[in-house]
Each structure stands twice: as structure tokens, then as C-alpha cells.
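Two complexes come next, and they have one chain in common, chain A, joined by chain B in the first and chain C in the second.
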Partner chain A sequence: MRRYFGRKLLVYALTFVVAVTVNWMIPRFMPGDPVAGMVARAGVSQPAAAEAMRAYYTNLFGLDRPLWQQYASFWGTLLRGDFGISIWLFPTPVSTVILRAVPYTLALMVPAVLLSWVAGNRLGAFAARRRLLDNTVLPLGYVLTATPYMWLAVILAWGLGVVAGWFPVAGGYSFSLQPSLTAGFLLDLLHHWVLPFLSLFLVALGGWAIGMRNMIIYELESDYASYLAALGAPARLIRRYAFRNALLPQITGLALQLGVLVAGALVTEIVFSYPGLGSLILKAIQNQDFFLLQGTFMFIVIGVLVANFVIDLVYVVVDPRTRAGMAGARG
Partner chain B sequence: MSLTVTDLRVSYQTLRGEVRALDGVSFTVADGEILGLAGESGCGKTTLGKSLIRLDGRMRHAGGTVELDGRELPIGDDRAMNAFRFREVSLVPQYSMSALNPTRRIGRMVAELLRSRGETLDRAKLETRLGQVGLPREVLDRYPIELSGGMKQRVVMVVSTLLDPSLLIADEITSALDVSTQQAVARALAGFRDAGHVRSMVFITHDLALTARIADTIMVMYAGMLAEKAPAKTMVEQPRHPYTRMLVDALPEVGARHAGRRLTGIAGSPPALLDPPPGCRFRERCPLADDGCAERPPVTEVAPGHHVACWKV
Partner chain C sequence: MTAALTETRPEPRAVRREALHFAVRNGKLVTGFAVVLVLLLTGLLGPLLLGSAPPNEYVAAPMLPPSAEHWFGTTTFGQDVFTQFVHGLRTTFAVGALGGGIAALIAMVVGFAAGYRGGLLDEALTMLTNVILVIPTLAVLLIVNAYLGIRGVAVQGLFIGLTSWPWAARAVRAQTFSLRTRDFVDLARLSGLGTGRIIAREIAPNMSSYLFMTFILLFGGSVLIASSLDFIGLGPTEGVSLGLMLQNATQWSALQLGLWWWFVPPGAAITAVVGALYVANVGLDEVFNPKLRTT
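Up next is the complex of A and B:
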């Protein structure tokens, strides 16, 4: 058991190191001079002031030192939780900007991913049982999974937002309101949350439903199902076993899909101008805010790694075969 | 009479038509009897075994009856058949190695299976039975993946016979095992019969030599029909049907060192069952065939308990 997790953790640690390194490399080895760009955009006309600014940024990046020192100090600041100062929202620290955006992304992602997974599995299991349902769920599921996030989001925004006017199509809350813990503000938050959530939920739903349906049909044809049926076990028991066993690959699927889901959430945020990490990335790119971009990427990488690790843990708990495999690795 | 099968016909529905895998088979199995069912691959052994307990989705009961302890089994009616399964007729399947749900501890699976059938688990009885096949009671706390193939096989034997069924069908349960384990499993099965855990048994195998050791009676099938049925000793020493004679001749010394010998070595192959030719189905390969064999030979009793389907006996 310990060895299994040791191996897993090692893989995650390596992934993290690679991600940090790539993140460090991007602004340094990108074509163009980010410092010159920033100074130019700041529109400072006096040469002396421009020179001071250039010196400041160069110092910030540590561009005047040898590369290995830059790399080492990048890790140093990172481990202290220091992502630098945002250029776009100067002088707010990047970590503050990110922490303001994270709740929005989480509030969108977590329910959309979990609910679509749960609902999709239920729906798929039902479809595997009833022909009528199967004939509707299956094509609908294929349409939903084949739809790009962008499209579905735009269609929903247009249909339910612009035409029907039921939901606002942009922002995390109304501009007229100040964030506060009042019922009015929370309702407004919820109101803005519905459309981006729905678009994420719907797109993911179809894939889970199809996966579950196919897995259940496969499980129902397995040997243990035939054996139980030959001993006269009721269909209820056989379906319960099949459902549980079919869930296992779906959990693996969740781990594999996590990256895609995160990317989908980022795009959705941009479409709906939802103030989460996705919008932050867009703003950072538009404003050439490298610190913010780096910080956001780091945060997403850490988030995906943590989520993957949680799924690993869950899998070990629910599938005895992985535990048996671990015992084998130990002996 | 424990089991009476009369003119049983079962076919598979395929896109190209009906495969008549059982074409009028009649036989009986007495109380306490072990019937060994042998024959080449594809002759319909598994089909016969499944017909007695559960037809799969593509099988159709095309005629004939099966009677167990005086009651007719509704073999064509999947629902009605449930009442008999496990309690009256049970099965140790060909796929025993994968017959247990991989994600349930064995003890829990057994308990859930019994509860779903409205029975309560008698844990002491279960543990005693496991002991009889040489398994510690700890296997109940294990997952199937933690057992060896032979252990899983024995677990399935114990589970299938837990309700003391009247008839047990054991399909090729020894094929995947090595020779010494084969004999242990066969002996364990005979032990179950001796202890009264099952009343009678249909033991399906390719291995005529192994069958001869544990079966009381042997039935040889050919292309969906009965070729010969006789007491085990008679079948090995004085087979009458030309097909059985060739099988036994290919088997130098039954019971001695050649126990593992399989049924091989007869030139040619059985006819397709999709549209079988009229007359004796062994005609193409039979050295004694003549024009009279263009008509289907009836099953005749040449000696008490010895039935042969051939014009030439």
C-alpha cells in the first residue's frame, strides 16, 4: 500500500516539477522582450522613468542573474506562496488576484463535474435497461458529447439568456451590487451561475451516460452475471453488481477527463465573462501580465494534480483488485 | 426416476437460420446416478446442460420435455424456471474461474445471493462444505482475485450445491485444470453425491477416460443426437456404436496412465447443424455406412441400460 502511493506521489511530484519548469521557461524563452513590451505599454515618455521601470521589471524577473539562479529563486518564491505582483492590477499580489477568482471556478467546476458524473451514470444505467429510453438517451448523449463547449455555451446564452431573458449572460454578479453576504446578493450570484453551470453540466452529462450504458451492457454479459442468472438470482441483484462494477472504469474516466473538464470550464468562463480563473487567463494574456499567467497556470496544475490524487484514493477504496495488486507488489 | 428427458429439441437463432444443436435427445438419469456426457466439440453437450437450467437469449426450446422428480421443468419459460434453479437444478459452469463477482468478498456475495432467493445463509453449513473440498473458512473474507483457479472452482462447486439440489450440471469443470487437480475435483464431485449434497449429476467433459472413472453411466453424443448410452464399464469395454468404438480405440488403456487423453483422431468432421443432412449423421465418417443409413437410425436398447442409435447393431 505504502509503495503504491509512494510511486503515485513520485509521479505527481515529477509532473509538478515539469509543470513549474515549463511555466518558468515560457516568459524567458518566448520571442520578444516582455520587459520592453511592458515598459512600452506603460506609455512612459521620459527616458529616465522608462529606464527606472525597465530596471524594476528586470529585477523582478531577475533577468540580470545567471539562468540557474533565476530558476532556483523561482522555486524559492513559489514555495513561499509568492507568485509576484500582478501587472494588470498593479500593485495587487498575484496570489490575491487568484484567490479572488478561485471560488468562482470551483463553484462552477465542482458541482458541474460531480453532478454530471452522478446523473450521467444513473441515466446510462437506466438506458441500459429500457429500450425506449436507450433510443433517446444514446443519440442525445452523442450529440451532447460531440458539441464543443463553446457552441453549447453560446446556444444556451442565446436561447435562455437573450431570447427568453431568464438568465443574465455575463458576469459573476450584477454590476449594480456590491459583494456582501446578503440574501439578495447570494441570489444574484446563483442567477448568474446557472447558465455557465448548465452548459458545463450538459456537455459532460452525455459522455458519462454513454460510457455507463456501454459498461453496464458489457457487465450484464459477463460470466458472473450469467452464473447468478443460472442460479435464479433476481435481475435486481445482478443489475446492482453490474452497476457497481461499471462504475469503476467511470472513476478512471473521471481522472482522465479532468484536464478536459478544466479546459472546458475555462472556456465557459470566458464565454460568460464569469470571473474565475479562465477569465483571469484571458485578462493576463490581453495585458501581457506574465506573473498572473504563471500564477494561474501553477494554480490549475496543482488543482488538477490534487484532484487526480483524490480519485486515486477513491479508486483504491472501491476496487479490491487494486488492493490485491498492491499486496502483490509488496510481496 | 430423477431426470427424464424426452425428445428434447433446442436450436440457436442465427442470422443464417436455426442451428439445431439438440435434435431429439431422450435419456434418463436415476437418483444418485452420475451421468458422464461425452462427445466431440460442438456435438451439443453445453447446449444440453444449459437447456436443463437456463436457455440464453438466442436459444429456443423447439420441442420435447424435461421432467425432474416427476415435475415438468418449464425450460422455455425463463421466469417460471427461476423457482427450480439453485434449489432443484444447479450448475457448475464451464467458466467457473470467472463466475464470481470480482468486487465482492465471497462470503458477502453468497449471503446476498441466498437472501435474494429468500434463503438464509447457514454459515456453519457453508464452512463445513468448504472444509470438505479442502478450503479454509477464510476464503469467505477474500475477493475472488485472491484465490487460485482451482480454489475458485471449488468455491463455485460449494456455492452451487449449497441448497442440496436434486440435479447438478457440471460443464467441463476439469478442462482448465492440470491432471492431478482434475482428479481431485472429480473426486470431490463424486464425494458430494455420496454425501447427498446433490442427488444426481450430469458431468460434461471431453475426457472419456476421466468420465469413466467417476460416472456410473456414460452418454456419447454426436452432432446434436444421442449415439450411445451405457454403464461406464460397458461403454469402455464393449462399445457398440461405430463412433464410440473409434473413440474408445483411440484411448489405449482407460484408467491407466493415459488418463489425460482427449477425444481426437477420427478423420473428418461432424456435419453442420444449420441444415443437417437426413439419415444417420455419422454416415460421412462411418466405415460401416451403407444405403440403409440414409434413414435416421432409432435409439434401441441392445441390453438392459445400453442404448445405441445405429442400424448395424
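Up next is the complex of A and C:
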């Protein structure tokens, strides 16, 4: 078990280093000059002013120092929790801007991911046992998992929001309200949360249902299932064992899908102008706020790493083989 | 010895004929590929048949609903949605082929090398694969594309390919690992064949169906990632794609104005392409894996 966690933590540490390095490298090694771009965007016409700005930015990024010093100081500021100042919301620090948005993204993602996982597994296990159900759940599952997240969001916003008028289609809460801990505000918050949640939930649901259905069918062909059947065990009992075994790859699948799920949450937020990280990224891109964009990137990477680690912990609890020090199923 | 070998191994042509026999009788495979083919032909031939009009030209009155003249209606600016749609399909297929192809290539190189060679190389490549697997792909692509001033379809496909290969590399590695201890591989090694030729002639052909299915999944994944990037506003700076159409539609409030013909077709096309590929993939699985055949 120590070996299992040691390996995991090594991968996560390396991933973090790679992510930070990528974050540091891209502005410096991409074709084009980011400083020249920023000066040009500021629209300064006087050559003297442009030169001063250029010197200011070069100094700010430390671009005049040797590369290794730039790299070291990049780590230094990062470990102090300093992500720079947002240009879009000048002079708010990037970390403050991001921390304000994170609760919305988490409130959207965590329930959608967990509920779709649970419901999808139930649905898939259900489909595996009846041919009629299988023939309806499977095609529907494939359509859902092939749907781009933003498109389902757009369709739901149009159908249930604009046409039916049941739900608001923009923002995290009504613009007329001030954030407060009153029942009215919380209800409003919930009202705005339903559609983005539903759209995330539905797209993710299809993939889990298909995965579980395939795993159950695979498990039911295995030796222990045949043995149980030969002993005369009821089909329900065999299916329960199959379900428990099929859950393990689905947990691994959850870890593998995290990146896709985050991407889905980001574009869904953009459709609904939901005030989470997705909308923040859109604003950062529109306003050429690279500090904010890079800060958000670091936050997403850290979030995904933490989630991965939590899934590893869950895996150890669920699968006794990892505890006994036998080969863990997750490579 | 060689005679005995050829006898035990079925004739490749017979294998192919058997696969074809089951392929044309597999509903999932035929339907899936038919849908993809229709959309591919629309994307390939549509722009030729519609003439040389650029897709973003203002050709008619704004906000027209679908009609005989403008099949998918027009945008708020009076652009023809159908013209954009066929050009967008072309871009979508290009990104899928390029991103999926590059990812499949990297996955094969990494997977074969790690699975066949083993040892320290395997350790290093597996570590690399795991690290890139954990990094959220879209977040990296966001940063890269944001710093690219001018973005094209080719560069987008290239970067998608460079970031989406890890799971496929793991799958190829696992398959190679199980094949490399087989007798025929040992025999090839004994007969003095080089590593590259063993992989190309003994291992890869034995998992060709698997590799093809991996490519299909990578293709679908690339299409979805590209559409997300386009939607966030980091799509190609020139031209049109299905994701860019969705972005424009939401940005210019097609939702509030009720211009459903602007945002329904591009999303439906992406869903159809990717979904049909997934279904065809299940069909392929049944064709190549006798255990899964229901008939």
C-alpha cells in the first residue's frame, strides 16, 4: 500500500512540475513576443511611452534575466500563492478573482459528476439484464456521450429557458439581488443552478451507463459468475457480485474522465454565463488577461490532482487487494 | 517448418473475407459508417456544389427562417447557415483526422516501444504517459491557443493530437505486452528479425483491428475537444467550423432571438459524427471479436 501511494504521489508531483513548467514556458517560447503584443494592445502611440511600457513589462516578467533565474523566481512567486494581478479586474490579485469563482464551479461540478456516476452505474446495470432496456439505454447513452457539452446546454437553455420560460438562462443569481444568506436568495441561486447542472449531468450520464453495461456483461461471463450459477445461486445474487466488481473500473474511469468533465463544466458555464471558472476563462481570453488565464490553469490542475488523489483513497477503501499489497488494478 | 506454420495460421485473405461477411451484416457498423459517410460527403462536395462563395459572406436578409432558398436560414448578419454548415463539416473532419491521426501515431510509438522493450524504457514511458494523462487536456490547450496569435485548423489539430494520446498509448502497451511472449514472436526473434520489423510485421497486424478502433475513438475525441476550444473563442482565426458557429450563435444571442436554425444544425452534426463513430466502433468490436456476436 505504501508502494501504491508512493507511485501515485510521484506521478502527481511530476505532473505538477510539468504543469508549472508548461505554464512558465508557453509565454516565453511561443512564436511572437508577448510583451510587444501587450504594448500594441494598450494602443500607445508615442514611441517614448511605448518604450517605457516595454521596459516595465520586461522587468515585470524578468525577461532580461537568465532563463534559470526566471524559472526559479517563477516557482518562488507561485509557492507564495502569488499568481499576479488581474488585468481585466485591475488591481485585484488573480488568486482573489479565482477564489471568488471556484465555489460556483464546485457547486456545479461535484453534484453533477457524483450523481451522474451513481445514476449512470445504476442505469447501466439495469440495462445489462433486459434486452428491451438494453436496446433503448444503449443508443441513448451513445447519443448523450457524443453530444458536445455546450450544445446540450444551449438546447436546454433554449427549450426550458427561453421557450418554456421555466428557468433563467444567464448568471448565477438574479441581477436584482445581493448575495446574502436569506431563503429568497438561496432559492434564486438554486433556480439558476438547475439548468447548467442538468446539462452536465445528462451528458456525463450516457458514458457511465455504457461503461457499466459493458462491464456487467463482461463480469457475468467470468468464472466466478458461472460457478455461482452452477451452484444454483439466484441471478440477483450473481448480478450483485458482478456489479461490485464492475464498479472498480468505473472508479478508475472517473479519474480518467476528470479532464473531460472539467472541460464540460467550463463550456457549460460559458453558455449560462454562470459565474464560475469557465466564465472567468472567457473573460480572461476576451480581455487578453494572461495572468488570470494562467492562474486559472494552475487552479484547474491542482483541483484535478486533488480529485485524483481522493479517488485513489476511495479505491483503496473499496478494493481490498490494494490494501493487501497485491498488484493494484490502477497502473 | 514453414509449411506447418502457414497451415496453422489461417489465410489472411480468408480472415478478411470472414470479417467482411460479418461487417456488412452488422447493423451498428453499417448505420454508423453510413451516417459518417453522408456527412463526410456533404462536407467534401457541399462547398464545391455551392460555388466559391466564402462561408462568412453576407448574402441575404438577416434572421430568415429556413426556406427553399436558404435551407438552414440566415444568421443575424445575413450569412447563409447552410453554407457555413458544409464548410464547418469539412473543418470538423479535418481536425478529427489530424488530431486523431497524430494522437494514434504517438500512442503507437509509445505503446509499442514501452510494451515490447519493457525495462527502464517502459518505466520512463509509462511515467510520462501517466503524467500527461492526469493533466486536463483542455486547460493546456487553452493556454497554448491563447498565446498563439494566428490560429489555423492544422495547428489546432496538431496540439490536440499532442495532448490526447495517453490513454491510447496505455491500451496499445497492454496489448503489445500480451502479444510479445507469443510463440510466433519468439520465432521471429529467433530467425533474426529486427525489433522494428517484428513490431511492424508480427505484432501490429495482430492488433490492427484494435488499432483502428483506437483511432476511431481518438478521432471522435478530437472533434469534441476542437468544438469546445472553438466555442470558448480559441478556434481558427480564419474560416468557419461547427464549434465557431455555435460560439457565434450564442455570442450574438441567437437563443434570445429564437434563431434555432443557427445553433441546432452544427451541434446536431457534431453529435451525429461522434455518435455514429462510437456506434460503428461497437459494431467493429462485434465483427472482430466472435464472442460478442449476437447472431
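Here, the second predicted complex is superposed on the first by the 290 of 331 C-alpha atoms of A that agree within 3 Å, B and C clash if a C-alpha of one lies under 4 Å from a C-alpha of the other, contacts with A are read in each partner's own complex, and residues count from 1 in each chain.
Everything that follows uses one rule, which is that a contact is a pair of C-beta atoms (placed from the backbone, for glycine too) under 8 Å apart; a residue touches a chain by one contact, two chains touch by 3 or more.
Not measured: the values here are computed from a predicted model.
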* Asked: Putting chain B and chain C onto chain A via the overlay, clash or fit?
  -> fit
* **First, second, both or neither for A:Leu231, with chain B first and chain C second** => first
* Asked: After lining up the shared chain so the two structures overlap, which partner does A:Leu195 touch, if you call chain B first and chain C second: first, second, both or neither?
  -> neither
* Which chain, chain B or chain C, is in touch with more residues of chain A? -> C
* Using the superposition on chain A described above, determine whether A:Leu248 touches chain B (first), chain C (second), both, or neither. => first
* What's the minimum Cα gap, in whole angstrom, linking chain B and chain C in the superposed view? -> 7
* **Footprint overlap on chain A, comparing chain B with chain C** => none
* chain B partner contacts - residues on chain A that touch it in the complex -> 222-224, 226-234, 236-237, 241, 244-245, 248, 318-321, 324
* **Sites on chain A touched by chain C in the complex** => 10-12, 14-15, 18-19, 22-23, 26-27, 30-32, 34, 37, 139, 142-143, 145-152, 154-155, 157-158, 161-163, 169, 221, 256, 258-260, 262-264, 266-267, 270-271, 281-282, 284-286, 290, 293-294, 296-297, 300-301, 304-305, 308, 331
* **In the complex with chain A, residue positions of chain B that touch it** => 53-54, 56, 81-87, 90-91, 93, 95, 98-105, 112-113, 116-117, 143, 145-146, 156, 159-160
* Asked: Which of the residues in chain C end up touching chain A in this complex?
  -> 126-127, 130-140, 142-144, 146-149, 167, 170, 220, 224-225, 227-228, 231-234, 243, 246, 249-250, 255-256, 258, 260, 263-264, 266-268, 270-275, 277-279, 282, 291
